[in-house]
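Paired with chain B in one complex and with chain C in the other, chain A is shared by the two complexes that follow.
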Partner chain A sequence: MTTLNDELKSGLPQGEASRRNVASRRRKGAIWRTIFLSATIFGLIALSLLVYNVVNEVFGYVATEYAVDPATLSDKPLDELNKDELVAVLQGNMRKNAFRTLENEKPMANRSDSEVYDLVIERVLKPQTLETWTLRDSWFNKAAIDAQVASEFPEAKLEFRSWISTSFLTTPMSSDPLRAGVRTALLGSLWMIGITILFAFPIGVGAAIYLEEYATDNRFNRIIQTNINNLAGVPSIIYGMLGLVIFVRTLEPITSGRIFGADSGNGRTIVAASLTMMLLILPIMIINGQEAIRAVPLSLRQASYGLGATKWQTIWHHVLPNALPGIFTGTILAISRAIGETAPLIVVGASTFIVTDPDGPFAKFTALPIQIYNWTSRPQPEFAHIAASAIVVLLVMLLSLNAIAVLLRNRFSKRG
Partner chain B sequence: MDDKVSIGMDSRRITTSQRETTRPFSLKKQPRLGESIIQGFLLFCGVLSMFTTIGIVIVLGSESIAFFRQVSIVEFVTNTVWSPQIDEFGILPLLLSTLLTSTIAMCIALPTGLAAAIYLSEYASRRARSILKPVLEVLAGVPTVVYGYFALKFMTPLLKSVFGEANVNIYNMASAGLVMGIMIIPLVSSMSEDALSAVPRTLREGAYGLGATRLETAIKVVLPAGISGIIAAFVVAISRAVGETMIVAVAAGAKPTFTFNPFEAAETMTGHIARISGGDLSYASIDYNSIFAIGLTLFLMTLGLNMISRRLVRRFREVYE
Partner chain C sequence: MTEKQTDTAQHTLVVRNMNVYYGAFRAINNVSLNIERNKITALIGPSGCGKSTVLRSLNRMNDLVNGARVEGEVLFHEQNLYANDVDAVEVRRRIGMVFQKPNPFPKSIYDNIAFGPRINGWKGTKSEMDDLVERCLRQAALWDDVKDKLKESGLALSGGQQQRLCIARALAVEPEVILMDEPCSALDPISTLKIEELMMELRQRYTIAIVTHNMQQAARASDYTAFFLMNDQRAGELVEYGPTGDLFTNPKDKRTEDYITGRFG
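Then we have the complex of A and B:
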């Protein structure tokens, strides 16, 4: 025994050496701790950089030049004029033929105040964006901007613009970034998500119930379970290709609405996109739903059976109500995934340029992420501003959805 | 309140006793039509996912067969040019850029994600966790198209300023890969953290009892014990990077190029599918069939990776009690 001990001791550092050994191990520990911490904080930095880069583009100075000086059009500022005065301005500053064409398209009497106002801006003032600046430049380099504008565009008007505004939310797509909005895209996204939930929720919950409550541990059910796990890892663009062939082409009579009497030409409609999204989020919903159902204590089911309830009565009255908060949370997470998905929509064929509101499930549509993709891909700097604004709209939507998820969970868990 | 309950129970007792008098009570399981219908519907919901998989295989398979009738498989996997206009269909340039962007992404995501997981599971106080975990969750919830914007408007200019304006193309694989890495960090960290937290406390306490430091416990005891889950996380991360579309579609470029230079523009498999199907595409063209051949390659790659990940977990899992 003593020999073994001695042998061990001779291999270990003694005295001063031992102290140094411990100190160096401690130092190494401290260094690595810092490295681990900074890796975690890296995520925080990345997130702040991302938010900063988006917000930086949403606000900033814009130098615009008008074809006509607004002050010469009338003695009052334009936005204080009433409709008749605006029409008079239009008539006075446009060529007669052009005005007549406008009148033929839609008589002035039938146009609303804001429509006429927009016409004045579009046809008479003809604003032209000369240069835009980011928020950072506008904040810190105001003097340089002023100097640049004074020397390069002496005629231009410099104003601070928030690219995201109520009109950005309520106007449809336009090729002019100053007047483009996300109305069509927002409505398209909402329609698509609504229909997706309509299909995905019952099927997802149903499958979760089947797998947790009914399925016995046999080969068939194991294959289903493995299959769902595998599907959750399939890239979203593959779902897009599946949707393109099955929903857009094979089921075209249904997805174009032809058999319902609402023909939209081809199958590239909201329904086709929603069904594709449904397939995409089903595995996530099923896996989350299963977890929620599994968390319901067995004693609850046994108590219910003990009182003579049937299997379905037990599930409907006891298991589901208790699993609901979890199922809702899972559903909302799946929906936030669907709202942000872009690739499958591109493949299924969301339109990139569309100005009419979607009027039903069989309409052509565009969606927020598609709009962001489209605007991000354009080289002109003005489009970066509206892409960033659309990103803000999308992120606000996602954050509020998650807030709803948290609220729902809290409310239900209190009741339970 | 109490009265009501007792009345209800009484009336039920009466009905059961009535039933008992009319026919003999049987302990055999009663057939219930409603329940069977519901169970049938639930089974259908479960089986629907099988149809999805079968659908994917049939769709990708049949369109790919149409493609391989015109282009030989050998040419598909060996040709280094992808240019449908001149009938050159070699997947290598698309595959190479996919692998390059994924490799760059993994260089960021795997070490950072694992380090973050170790910090969160072994070091962080409850307070630190409550701040850092939601940040990572938000990062995981940001749509990929937003990351695409981030790559093009932030990462590319940053690379240009570091490596020189002339050396870095406006669309390049490095920028897409780096941002993809950031996107995948939360995935790696949350899966690895789950694996590390599953390691029993007793193991850590044993190590501390032998005089190990926190680092030594984490690296030499906890990490090896949770290695199956961590490797699974890594493999899932790779499969995620291979299948990622929007970042590369926005930032990596729109021309298939066979290049090893990460600062060049080169289209990936997913980026190519997105660009070709985004345009007005005739269903009869070979372009249309070709994206399904790429899709099939992609599907097989990710499916293989996911299966490897599951197998690794099963093989290396250490079961404690």
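Then we have the complex of A and C:
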């Protein structure tokens, strides 16, 4: 008995020393806890700053001035005129050619009252932006803004404007920030992501199944595996160069749609961009797919084989259904990556100024990140506001696509 | 190994001079064994002595392990299961398996049973499948517990019920032999007893081989017992094989006696 106690005493702290030791270990734990908490808080602060900066630019006061005084157009205020009178104002104050172009686009008779009213404002009155303010200034410095407008632009109209609006979503690109919208870019992004998923999902899942279930552990397959892991970290602009060489130039007859009878002149089309994005996200999708497949428990496979299932039956009935939630998680990550990529799109030749909607996979296109990049590089402050609005559109689109993927994932993980 | 080589037709499975390798490592050394028809054969021995490896070699589950290789013969109806023209998929349908940890599919109880027949080319109608599911669940003594919740997940059952579901699932593909790899090691004593009773009933229609760590279980619930031990090269060898009563009351080998009396292992 005494020998046992003596042995213990020689190594481990006893009594008061033991209590001090425990307290000190607990203190260390508390310090680490604080460090981890601060890391989380740091992230939250960074996120809030981002949201603040974006929202700050999206709303705010705008001082505008009409190039033409509305009072010179008619003896009544403009908003009291009926449609015919508005059309008359349009006809009387525009160049004949310009009016005819409008009439050709959509006859005045078919346009609604408010459409004609907007046309009058846009084409005849021609509002000019004199100065814009951020949301913070608009809220806290309203008096200063009023004073500034009164002294500097006595003629101007001051109004609170939400730069993001339904017309922002539905109008195409324009050189005038008050009239510019993201319609073309939004459609371009959706087309591109859709086609990217269409190609990347089956190829990625297929490769993951092969590598995880069929490939034997030999030198060749190990090299493939290592390369896939490394490819996931290659800078996106390199994929852009690859896409330019392969899809835009070499496969030009296909990507321009010539062999499908839809020639768009060259290979700088949605398909080329989608295939480039596919290359970019394939490594991510394959690695995530492999991890999901590997996570399916061995016992499940054994149960299936034990009943006389073939390898393919085991994969199809058990491995894939159980791996699908994980595969969807990987797809979510990949989509998020692809939707925000700018560099490869610039290299494969997305247009920065395009006003026609993409009408199919072989159309010229632009995408939201390109549009944002373009707008943020303009010096005029108005473009900062629409760039922020486009960022909001991009984030909302990203979140909605992710929500769809999460819903799909939950659906599949509840099955069974 | 004193059992004389009798006509193979009397035995369901005949193992002849089997060696199993994992890569360069010899896990099983020269095992010969007859599994008697409509009997329960227990494989016992200390951990790592290769009894599970022997069991898995009987329906080619070892094919799934990377680098595993079997030498020698396993005869099933006089056909060597390791002959070149034998498909492991066909073997596993006729020689079913129940695993250590209950592993029902994350599907409904009904689908757990129906899966086996479906993937094996079942051609019957829906009502025939209903009958089959009921028959298998009755054979596994599970029908009364689950008849009102066939659409519920198999994972919602208790551990013992899950294991009986796995047995029912194995019965659904009409095997002749059922291999059980420590089927009760994850179960409580009452569930264990139920599984043992079930084995006794199934014996009338099926041949059963069971690996167990529990010597009382082997003594209680088996007709024949095979005792395995590692040799100096850490390869598993068959030390003694015979009717369970003889082996436990009158072991011929000193090592068997030491093991069953608890002197080692």
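What we mean here is this: the second predicted complex is superposed on the first by the 326 of 416 C-alpha atoms of A that agree within 3 Å, B and C clash if a C-alpha of one lies under 4 Å from a C-alpha of the other, contacts with A are read in each partner's own complex, and residues count from 1 in each chain.
In this text, a residue touches a chain if its C-beta (ideal position, glycine included) is under 8 Å from a C-beta of that chain, and two chains touch if they have at least 3 such contacts.
Quick caveat: nothing in here was measured; it's all calculated off a predicted structure.
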item: First (chain B), second (chain C), both or neither touched by A:L300; value: second
item: Partner chain(s) touched by A:A63 [first = chain B, second = chain C, both, neither]; value: neither
item: Contacts of A:R33 with chain B and chain C, given as first, second, both or neither; value: first
item: First, second, both or neither for A:I237, with chain B first and chain C second; value: first
item: Touched partner set for A:A309, first chain B, second chain C, both or neither; value: second
item: Chain B versus chain C as contact partner of A:V124, first or second or both or neither; value: neither
item: Chain B versus chain C as contact partner of A:I354, first or second or both or neither; value: neither
item: Between chain B and chain C, more extensive residue contact with chain A; value: B
item: Partner chain in contact with A:H317 - chain B first, chain C second, else both or neither; value: second
item: Common ground on chain A, meaning residues reached by chain C in one complex and by chain B in the other; value: 310
item: In the complex with chain A, residue positions of chain C that touch it; value: 59, 61, 64, 66, 89-90, 92-94, 96-99, 101, 103-108, 111, 115-116, 119-120, 153, 166, 169-170, 172-173
item: Contact set on chain A toward chain B in their complex; value: 25-26, 28-29, 32-33, 35-37, 39-44, 46-47, 49-50, 53-54, 57, 202-207, 209-211, 214-215, 221, 223-224, 226-231, 233-242, 244-246, 249, 279, 282-283, 286, 310-312, 336, 339-343, 346-347, 349, 352, 369, 372-373, 376-377, 384, 387-388, 391, 394-395, 398, 402
item: Chain A contact footprint on chain B (complex, rising order); value: 32, 34-35, 38-39, 41-50, 52-53, 55-56, 59-60, 63, 111-113, 115-116, 118-120, 122-124, 132, 135-136, 138-139, 141-150, 152-154, 182, 185-186, 189, 213-216, 236, 239-240, 242-246, 249-250, 270, 273-274, 277-278, 283, 291-292, 295, 298-299, 302-303, 305-307, 310
item: In the complex with chain C, residue positions of chain A that touch it; value: 217, 297, 299-310, 313, 317-318, 322, 416
